[in-house]
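We just call them A, B, C and D in the order they show up, numbering each chain from 1.
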Amino acid sequence: MAFTMSKKKTTIQLRVNYHQVDQMGIVHHAQYAYFLEQARIDWLHQQGVSYATLEQKGIFLPLTEISIEYKRPLRFEDNFFVHTSIDTFEPYYVAFSYHIENEEKTIITTAHTRLVFVDGKTMRAMKCPKFLQDKFTF
Amino acid sequence: MAFTMSKKKTTIQLRVNYHQVDQMGIVHHAQYAYFLEQARIDWLHQQGVSYATLEQKGIFLPLTEISIEYKRPLRFEDNFFVHTSIDTFEPYYVAFSYHIENEEKTIITTAHTRLVFVDGKTMRAMKCPKFLQDKFTF
Amino acid sequence: MAFTMSKKKTTIQLRVNYHQVDQMGIVHHAQYAYFLEQARIDWLHQQGVSYATLEQKGIFLPLTEISIEYKRPLRFEDNFFVHTSIDTFEPYYVAFSYHIENEEKTIITTAHTRLVFVDGKTMRAMKCPKFLQDKFTF
Amino acid sequence: MAFTMSKKKTTIQLRVNYHQVDQMGIVHHAQYAYFLEQARIDWLHQQGVSYATLEQKGIFLPLTEISIEYKRPLRFEDNFFVHTSIDTFEPYYVAFSYHIENEEKTIITTAHTRLVFVDGKTMRAMKCPKFLQDKFTF
């Protein structure tokens, strides 16, 4: 359903800070992992989930896979958009995909991440708690 | 040939610094991109190539793809080893693979990166310069 | 004059990202240097100066001194405000002071930085160019 | 006594990594906070104190003040030395001073930090525990 789909697709706007740029004059590739993290945590907020609160409840979501394709560079003071959507949701993990666009809607980067549900006390994988499941369903 | 192969496989030893750890108490996933970068630049040094000098000559090697699988966490003050080897060498790009092990030789992370040869003046892809080619051949 | 003073005092609002927090559960002290940088570059923007454009013209503003006092911690997802004002403007340098407040207007951090005008070609100190001088005067 | 003094003065050698350099081609000023942290934790190790173990015992040492003077820049692949010594030791806090030199023994940076002893459970200031006190005395 269109409405549900859009609820599960979110966008944040960011601007390149000075320290994020390397001596080639482009955003250092590692910085994108931070952009994706911020986008993912915002996605959770849009579903009514505070990641801070999740961790306080002992539910951790560490990353187990990341892949990023860099198509065009970003430079200092560039504005850009990170679009986030859910890819897969399984009892033990959730996968997101992302694409980053500049102000001209040119694709800068595409990316995927996979995260597992972990019990913060034992640091072992666990099933996604019931109250969270509907947040991740399409 | 064993000798050639070992010349193309390098290892660096690192230790987790305090600021690299997040509030889950494990090394933040983005930090691994820095570990791989340091390992890759060391690999080049072992072949007699200074990446600083390459850039001064206007030969840039920006990253176009990264993928990382996180199997086990690292914690503050852990010692670990980054093993680097060349995967593919083509006229326009070079790919490396990595695995990170802890002191007990347990696999922590595996990773792949792809880099393109870029002309620093035009920021356009170019063929690997002749004098560099033999550094990347197996 | 009140109007001029307020023109020279700016405020940005930020929110703590996950990766900025260390294993004590508080924002790592080094992150504040990035907050101050972003606040300072925004201050310049409010005076009509793009730091990106300055660098393209060969005018660099490297930092020569920083001092920060940490009074209270910030935690993940906290909103906070960085207030920036100009302290001193001399032919060769400019100094800013900052204070960071949380949403309850409690002081989190106070800080000072000093930056010098540098010729990007020679990397030597130079006098602040004429067209910039009025941006920094009170 | 000379021996004691040298025990309380330590040096680590580091090398500038690629990601630590900004688009001016010099090490970004915030990176120095990480160099000082690594030097300080090494200083503790030289006195037989593991900071990881301290935190596990619930003894935290957050930073309350930092000041850095940048005299000369560092560039990619530069080797440098961070010299650390204890400045002041009081029941509730400890202060360190640092100077960073390049390979030619030219001063790059001088710095000071102040840290407080904090009870990890309450996150409140506390007196330095007895078993630690002699580590900090001159």
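Structure notes:
One rule holds in what follows: a contact is a pair of C-beta atoms (placed from the backbone, for glycine too) under 8 Å apart; a residue touches a chain by one contact, two chains touch by 3 or more.
What you see is a predicted model, and the numbers here were worked out from it, not measured in a lab.
More C-beta pairs touch across one of A-B and A-D than the other; that pair is A-B.
When chain centres are set by their Cα atoms, the one at the greatest distance from subunit C is B. Distance between subunit A and subunit C, defined via averaged C-alpha coordinates, is recorded as 28 Å. Our note on geometry: subunit A versus subunit B, Cα centroid distance of 24 Å, whole angstroms.
For the pair subunit A and subunit D, the distance between C-alpha centroids works out to 34 Å. Subunit C has residues 18-19, 23, 30, 33-34, 37, 55, 76 in contact with two or more other chains. Taken pairwise by the contact criterion, the protein chains are fully connected, each one touching every other.
Residue ranges of subunit C in contact with subunit A, taken from their complex: 17-19, 33-34, 37-38, 41, 50-52, 55, 75-77.
Note for the complex: subunit A touches subunit D at residues 18-19, 21-23, 25, 28, 30, 76.
In the complex of the two chains, the subunit D residues touching subunit C come out as 23-24, 26, 29-31, 33-34, 37, 55, 60, 62-71, 73, 120, 123.
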